[in-house]
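Multiple structures follow.
Below, subunit A partners subunit B and then partners subunit C, in two separate complexes.
Moving on, here comes the complex of A and B:
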């Protein structure tokens, strides 16, 4: 079967010099002819190959567990112009799954190492890395891509890119609608979804599906610890700031973890609580989610498949703990979604509620997930968390009744550092 | 990095100071399968037949978490097409060279502690000699991707013929469709991690220390803080004890009883905001919904160990010998049955020392935890004694960990019995029924399309004879000529005829993930592997299990 490779420049509609005869033998089988369920708008043959291999430009956000898989998949599938953004550097605990990195790469930027690796392994592919935050880039940057695939583990970053892509949509310009493929994994479980901004449900629409992170009441941590986790929280939430003042806790610093571990262990001994370990300490303070290569591979591959076979409509879940169980369903758009719904969020509260009480209620709301919100109306500043002067100026309002400041049926604009958009809330009193 | 060079994982995580580099490297997976699972992985030897894109994708996901050894057995020479779809080949540089060697080199770069070997031979040649067959049988798991039908039939029979042979994972894929099947005799899972109902807290069968605490507690003498911190377990044991005294010893059973019981719990509170009493009411189901032995576990007591392929054995339990497949697990299972029936026992499964968090103060919680731990220790000692009496030959072969794990998870243990590869396909009636069974139509159609494809490729490996019609002709031979083929068959065969030999990179990656997950489950004996055929359709985004 050994045939001498012949380098071709224009075979099969591929103008790239790096493509060799039969390079895409496998992929071409499905690109050359439609299947019985292929969308009629799919035009098999050279045109689709040329689009994929020359003009299509894809952005991969995140070069971690999912990102590595996505990049390798895209490169082998024939995409030639790939961009990748990641702000992290490589840690030793990444090496059990992030297969583009080696021991020698520990400490280097993920985006740069991943891009180099792909370009070395898959000839003819250009991967352009950006080592930094997604928030550094503007609308023009995001406009250049045909598709954006996310391999992020941060809720905040996902909310930002989701809101940015929804805002990018200009009804006059079909090119401004950028499909976003998102998903994540946890142990043997994972999910993937397709978001067509303004058309399908968006990330914000489904925020209430997220598991709320376990938060232990301060009172338990301070007075009645029972679990090793309570001792660890005591060390990180109460003892660290008490002892170290303004020094920031760096959960990636083994010395910091070591200190927390020692303190937590001492507290556990005092209360005769068992089970404080280094590994648990790290798990609790970093909110570590177990991760393996295989689940990432499944979810990443699924994401690519949704862009080449048929668009997933629109949510896929996989549970691999007990056999293999998967489930596909259409997640519905929320009319009152603060990002894509175009309507204000309706809330009704008592006439007696203070501003402070309203803020507490907003923070607890699972479907909007905000910390430290600032509130204003079109004409008034109600309460601002920052800057300090403004905070001081508006602080007396916390004790005032909302109904004294806002008319029934009027809108409040809610902003927060963690919120990549302004949330409009319409207040009615009961 | 060998195990000897690195610290024991448990030790590393409990000692003062940062864990060693091996523990750090594997941190995210140790949280899933712990040191015992990692140890099992590191002792495994995996044979993979083929170095296709799918085969290397499977291996990538096994080398990364750190299996002990893998061998790729493949006589193929790398083609330009291989170099284009396989991430573990060096592009054109690999073309013309043995594919297995090229792939092994790049796979080994993923993890220095894994040993990889390329054997450039044809599996069909190996199966011809006794030596070759013994070699294949010496692995802990065999994975075959798109192996020629006649070779696969011989291999699967060989591995099925002896209970001590390794499991075989058969993978078939074409274009956007795929399926896999695990041929195994028996999988005994002591740690299924399936998040099912928590183990019993023994509220209905309180052990002496628990009952004494609940009975002797004078609720009226407690100060308000203490009253608001009585653990819900104690509240329920007390409430049930009082109930029984006024109901001739019977627990609440009718729906009216249950409401009355909950009302009685509410009555016990002193202030409306005592959260421990809210918790007691919310957990009252434990009083009437906890069977002495979960039904699925009780069913396992009747299971005889395997003695010959595919046959439920007739060996009585006393004949369990160290040579019996999964002897240790069966001995533990028998002992569990004996424990539950023992006059000296609680009449149910042994107590688990794991206590959920609850609204209470530190002192009460630690006291309760200690009581549970002590009693669990007493019952475990009793269990161990029974094990030693009943199975004097097997008991000494067991580690303390093995016993602990079994007793701790006794509420969830699972035993799976597998079938021979291809056995399901011999029953035309079964296949035809499955083809028209609600929610199985498409998966069965896809499975049949793969059977048909294997037959056609056996004669023409290049796929030149694969058409919609030739596939349907083969399917009719399997289900019977008179069976009307549903539309799902057209959807499946059309997709296969479109790309009969395509090993698509992202389908390969998807399968690589799924199959590695299953391999890890089989090797570690943790989590529950698939029984039957797992069918994958990436056109319509589904997976489905048939032929269980």
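Moving on, here comes the complex of A and C:
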């Protein structure tokens, strides 16, 4: 009775039965009063509840094992405006752990089915799905969210979203800083981390901490296979290119996976090896990391969105293979990180300046200590110091005007042996 | 109108982390006189050819070509390297696959293209009979070094060894 009922309307037009009394009784315990570890900026009470339940817009990337858990947890803890992106369709092998999907959904897009399931199950929540790639969306799309949570199984996709969010940050606009919560699991091991783009260490900073993709010596695969994985790699690394030439292996194409499976199975039979299955084949070639749990990512999300407790700073590891072990630490930013570590420099030059003149100016700059820089834009090389063929090809550019090669406001990537990683130079013309 | 321009500006390609890393690696390559890179499409830095012409050791006098393909997940994943000729070498099979640890199981993101080049060059100085991809060549190296050296000479001239036709790879 005391709390004013909110009158949100769900996507399917039902007036929200949303906030019946005591709906969020448990969540309110942490939102109604500050706790010993709350951020000083946290203001307990109705305002924060209203933010969480009406205006906070959150994006979940991936609707697989982790994504399903994240979506359900978000919806149940009071987020009302949730978006989800996933490019995959539902496979029968997903049903054991991706609990938003049923047998009848096999073959349908994960994002759409997951969104429908959540909206049917949790009154008052709008889940907007996008069936496609994260790379289809531009900066404007990502700008609309308050928070982004990843439940991805691909390193490549994580690197992309990380770089996109770091680039999105405009120091003049605090709204452009989008916290990214990344969760990942591998068997019984899991981790959750919070990335405040440009402020904390980013995904790229810790790339060398990742377990590298399992790879076996090629001579083992060729001569002395002992594991089902050896047979699958024999099919994908050696037999595919031998039989198909330059045709690229598409790990999302069931026909391609089917071919590999058949070849690997025959190989396994020859060497009396057991355990080659369709899903193992898919797992090995796509480097799929099976997901088990994800509660950590969601806890972090809830805390950040409301500042109701000190948020995870910034890396949490869970190892559940031998009992349960967990460890939280602060992973540090790396100066030589290609995404967030590079230096940035805004320069304003005359439209008449040649590339040579620009290089001279960069070399003379005392504060960056650069020797022999190589320059490029996102689409072309401007000047490369080496290797010889590229140096020769780009040498004529030295005499050309920078303004003929680089548009006003565009970035030039500068690398040099003396720089830890790179320098981004934004050029404007006077 | 202005809005369309803004939208176009936002859709502009960005330099990816892999691209920056490749630029850094390439422009800092220490190419000795025995190594040369060739970019068939110079705009595309991710795909190129490497030619090694050993000036010492048993493969001296040959010129060996490798294709190097880097994907957008570099340096999380190693570059893919293949020999584009049919050569007689214990660690290179007839399809051009190369058995070099840093190209697969021992790859780390701190390694770079220079490490790969050094590794490949080393293969021609010290062929390794313990990690065979061409089993017959490895067997010969282990058991009959004289015959192995003779086979290298024959193969480099484009000869036939035990029914396998090798490519002529002598420096012109």
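To be clear about the criterion, the second predicted complex is superposed on the first by the 239 of 430 C-alpha atoms of A that agree within 3 Å, B and C clash if a C-alpha of one lies under 4 Å from a C-alpha of the other, contacts with A are read in each partner's own complex, and residues count from 1 in each chain.
As a convention for this text, a contact is a pair of C-beta atoms (placed from the backbone, for glycine too) under 8 Å apart; a residue touches a chain by one contact, two chains touch by 3 or more.
Keep in mind that this is a model prediction, so the values were computed, not measured.
Student: Classify the contacts of A:73 with the two partner chains as first (subunit B alone), second (subunit C alone), both, or neither.
Tutor: It touches subunit B, and subunit C stays clear.
Student: If you stack the two complexes on chain A, which partner ends up touching A:122: first (subunit B), second (subunit C), both, or neither?
Tutor: In the superposed model, A:122 contacts subunit B only, not subunit C.
Student: Touch check for A:163: first (subunit B), second (subunit C), both, or neither?
Tutor: The answer is second: A:163 touches subunit C but not subunit B.
Student: Just checking: does A:254 make contact with subunit B only, subunit C only, both, or neither of them? Give me first, second, both or neither.
Tutor: It touches subunit B, and subunit C stays clear.
Student: Give one of first, second, both or neither to describe whether A:96 is in contact with subunit B, with subunit C, with both, or with none.
Tutor: Only subunit B is touched by A:96; subunit C is not.
Student: When both complexes are superposed, which of subunit B and subunit C contacts more residues belonging to subunit A?
Tutor: Answer, by number of touched residues of subunit A: B.
Student: Scan A:226 for contacts with subunit B and subunit C and give back first, second, both or neither.
Tutor: Touch status of A:226: first partner only.
Student: Between subunit B and subunit C, whom does A:351 touch in the aligned arrangement: first, second, both, or neither?
Tutor: A:351 contacts neither subunit B nor subunit C.
Student: Would you sort A:371 into first (subunit B), second (subunit C), both or neither based on which partner it touches?
Tutor: A:371: touches no partner chain.
Student: Looking at the overlay, does A:269 come into contact with subunit B only (first), subunit C only (second), both, or neither?
Tutor: Neither: A:269 stays clear of subunit B and subunit C.
Student: On subunit A, which stretch or stretches are contacted by subunit B in one complex as well as by subunit C in the other?
Tutor: In the superposed arrangement, which is not itself an observed complex, subunit A uses residues 223 for both subunit B and subunit C.
Student: Going by the contact rule set out above, which residues of subunit A touch subunit B in the complex?
Tutor: The contact residues of subunit A facing subunit B are 1-5, 20-27, 29-30, 33-38, 69, 72-73, 76-77, 92-93, 95-97, 99, 102-103, 121-123, 187-188, 223-227, 254, 257-258, 261-262, 265, 271-273, 277-280, 282-283, 288-302, 304-306, 308-310, 312, 316, 318, 320-326, 328.
Student: Tell me, which parts of subunit A touch subunit C in their complex?
Tutor: On the subunit A side, the touching residues are 138-140, 155-156, 159-160, 163-164, 167, 204, 207-208, 210, 212-213, 215-219, 222-223, 237-238, 241-242, 338-339, 342, 374, 376-381, 384-390, 393, 409-411, 413, 415-417, 421-422.
Student: If we count contacts the way the header does, which residues on subunit B are in touch with subunit A in the complex?
Tutor: Checking each residue of subunit B against subunit A gives 12-19, 21, 23-32, 53, 57, 60-61, 64-66, 76-81, 83-87, 90-92, 95-96, 109-112, 175-176, 192-195, 229, 357-358, 360-362, 365-366, 490-491, 494-495, 498-510, 512-514, 516-518, 520, 527-531, 534, 538-543, 545.
Student: Quick one: in the complex, what on subunit C touches subunit A?
Tutor: 7, 9-17, 19-21, 23-24, 26-29, 31, 36-39, 42-43, 45, 72-73, 75-77, 91, 93, 95, 97-99, 101, 103-105, 107-110, 131-133, 135
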